[in-house]
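First chain written, first letter: the chains are A, B and C, and each begins at residue 1.
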Amino acid sequence: MTSIRGRLWRTLPLFAAAALVACAVAPLVGSTHLDLLKALDPSIPFARNTDAQILFVARLPRTLAAALVGSALATAGVVFQGLLRNPLATPFTLGVSAGASLGAMLAITFGWTLAFAGLSPVPLASFVGSLGAVGIVYALAQARHRGLSTSVLLLAGVTMNAFFSALILFVQYFANFAEGYRTIRWLMGDLDVSSYEPLLAALPLLLAAFVAFAWLPRQLNVLSLGSESAEARGIDVDRAQRLAFFSASLATGAAVSVAGPIGFIGIVVPHMVRLVVGADHRVVLPASAFFGAAFLVACDVVARTALAPIELPVGVVTAVTGGPFFLWLLVRRR
Amino acid sequence: MLTADDVHFGYDAAPVLAGVSVSVGRQGLVGVLGPNGSGKTTLLRLLAGRLRPRAGSVRLDGREVSGLSRAALARRMAVVPQETHLAFDYSVMEIVLMGRYPHLGPFELEGPRDLAIARDALAATRTAALEARPFNTLSGGEKQRVIIASALAQLDRRAENGGTRADWGDGLLLLDEPTASLDIGYQLDILALLRQLWTDRHVTILVSTHDLNLAAGLCRDLVLLKDGRVLASGPTAAVLTPAHIRALYGVEAEVRPHAAAGHLTVVPIGRVGDEGARP
Amino acid sequence: MAARQTAVARRVAQVSDLCHMVLLLALFVSTGASAGPVPSRIVSVVPAVTEMLFAIGAGPQVVGVGSFDTYPPEVKARPRVGGLLDPDLERILSLHPDLVVVYDTQTDLRQQLARASIPTFDYVHRGMPDIFSTMRAIGARVGRADAAARVAAGIEARLDAIRRRVAGLPRPRTLVVFARDRLALRNIYASGGVGFVNDMLEAAGGENVFADVHQQAVQATSELVLARAPDVILELRGDFESIPVEDRDRERHVWDALSSVPAVRDFRIFILVNSSLVVPGPRVADGVELIARALHPGVFK
């Protein structure tokens, strides 16, 4: 049994290194051959340098998107699991992704053209949709209780997921075949952002969420004893739960607006990390931030190279790797 | 040390507590005894500062509990629930170190002193050997001892007082039916442990229970709670009488000192009014 | 290499067309008796076949159309009976049809109609040659074989004329996009090396940058677009995905992010909105001509 300080020092640099290596290697791999020397040659004007554009317009923003989204979904998963005291919770358990999907579906089906702050219509609509879902779930969980009841929160989330899915089917009725197909494809996740704008738009939101996350690990640890015991140890349980709920929802909403609801990251990464570092959220949370980035960047490399030039949806890759792991977790828990 | 004075409380219109007064002196060992639904848990929540009374006051060393910060309160009072379920695989040491929460700043990590405090708490509850075990693999009785160790780590004031040895004298341990989900062997374990903490370590203890024999074997003083009012309170020998038990539970019982056990024992005979209830 | 692959693909397509014809023939032989008289009440949920029926003069026989039918204008007066995914069996039955045109993939609908003893005509959506085989087949089925042959020959003649005009001209490498998110280079779906859109492009004197991908649709990531470096980007839209005229300049400039692509540098980006571009029907020559005008503006004045 080593001290928390020792464990942080021993594990975090390794996870950080994994994330860095993934981010450094991923832009060099892709469906086309890239001449790195030519890409970095300053004597060729950027407007005519295809290699440079593939590196800086196609691959780099995409890798950064994967890192940010993977990081956000993995940490949001950790926080939701801690908040709900349920190791099988995911960032999408409370309806955030269903709201986002409804928003995206509406934008695709009705061809909305409202853009704002670097966000194109579909990401914008999905972010607004996720905010709507979060607001409704919060109001429901709040209404029946003084403070947040995690069991009502869970029920409200599951109900909203079902309700939004029904609305999605309803909207789907107005979509033609191509729009329906694009919506389904959006649900599988896509990281090809092809510019830095969506990242810059999501970054302030993600940073705000990450700053809030910094206050959470100790409280999540004590909260896992139960809210009564946590309160007795001096935690303002209500405030801690609110902070956890809103920050994790914000991270999820921002991540989904960038890349669609990529599944399994939010549950697989936290559990893999726990297998290595134990349960202490002070290690699990930052380690998941790094490992989530590394994991999604790696999955995206597989997605764009496995069947090149055809691309696999990245959500399929995370599902194929994450699904069996999730089942194994379920069986092991019995 | 901790006093509730004429406390009234209700979650909605219906009152749960109506004019309850309880007092635990320094190094007291008080039991709150009553049937299910008598308001024991609510009283403990009020005493711990989790709920605010509608009327009356709860004071710790003369200061209104609601005026103290959460951390300040937590450094003086620790709560042990009936049972603890964890969603994640924390080790025993990690659970005990969680007791240090109110002593550390938002980003402060536990240092060697906190580790020493945790080890002393483990030793005091005879769980030192379990230190590295996952909490979820322990038996119910072991879990409860570890939770008590965590509470002791929470009450240890050596860091503030500049000492190097366990310093629990200022602390108050609130236990809410600590043995209700344990079998009889573990019940006696916990009883012995609490008694030892009280006699040897001078920890002040308030325990709620509906177990008459636990109360008789452990507590110096008793408060009998029925329908949100105090039925009787005072030294155990004076309060634990057949008449009070009949009023409290509707049960005929015999109360007599037991030579081998060394304290009063209660033998329930039957429901009031049952045939053959009287010997 | 790419050219050879396309040649092979076309060969395969021809062979499979042949198989299709044989199958259709077999269908005729087997159902010839029950098909019996010329159908007088036709329901078509397939826009391409609806157009063919009107083009060969069988319009008056058409009593019901699909939800996505927009051409010819007469279809507006016909009852709607659902589409590819949501055919409305009750409405179809209530029209008392004696022939229903269905998509090959609408197995449920076909079986339900078979149970009601209503004959069906299967439509398979593949390359451009299928337009003519389908037209001749449906013509024979509705008793207008001669008209169908005449219309088909007319379209083929128009296509040949266009082919002749672009013959010998440089064939610009073209990216044909038929779906993408509004105001973003995301979820871009482009024509692969097989199918009706690819065939239209080739007839119009262009070369598909995804000719080597043997699928009808390719998800074109920004990396693929940069690497394939098309000379021209064509965005084809039908009536239902139409981009309003006032938005088209903004949508064209969305591609500016990929400035090393020749089509972007020379701003040879065209948004063509016309249902003839997405319906593999008798207006295919109109569609090919629209594309040819975009690719070879010097020739088509």
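In the analysis below, a contact is a pair of C-beta atoms (placed from the backbone, for glycine too) under 8 Å apart; a residue touches a chain by one contact, two chains touch by 3 or more.
Worth saying up front: this structure is predicted, and the values here are computed from it rather than measured.
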Graph separation of subunit B and subunit C (steps between touching chains): 2
Sort the other chains by how far their Cα centres are from that of subunit B and give me the top one. C
Count the touching C-beta pairs: is A-C or A-B ahead? A-C
Inter-centroid spacing, subunit C versus subunit B (mean Cα positions, whole Å): 79
Just give me the whole-number Å value for how far the CA centre of subunit A lies from that of subunit C. 39
Separation of mean Cα positions, subunit B and subunit A [Å, integer]: 43
Multi-chain contact sites of subunit A, meaning residues that touch two or more partners: none
Using the touch definition from the top, which residues of subunit B touch two or more other chains? none
If we count contacts the way the header does, which residues on subunit A are in touch with subunit B in the complex? 1, 3-5, 8, 81-82, 85-87, 214-215, 218, 221-222, 224-226, 228-229, 231-236, 274, 278-280, 282
Within the complex, which stretch of subunit B touches subunit A? 48, 50, 70-71, 73-75, 77-79, 81, 84-91, 93-95, 97-99, 101-102, 104, 106-107, 109-112, 115, 131-132, 147, 154, 174
Quick check on the complex: what are the subunit A residues that touch subunit C? 30-32, 46-50, 52-54, 57-59, 62, 107-108, 111-113, 115, 120-123, 173, 176-182, 185-186, 190, 192-195, 304, 309-311
For the subunit C and subunit A complex, residues of the former touching the latter: 68, 83-86, 178-179, 181-187, 189, 210, 213, 215, 218-219, 221-224, 226-227, 229, 240-241, 243, 247, 257-260, 265
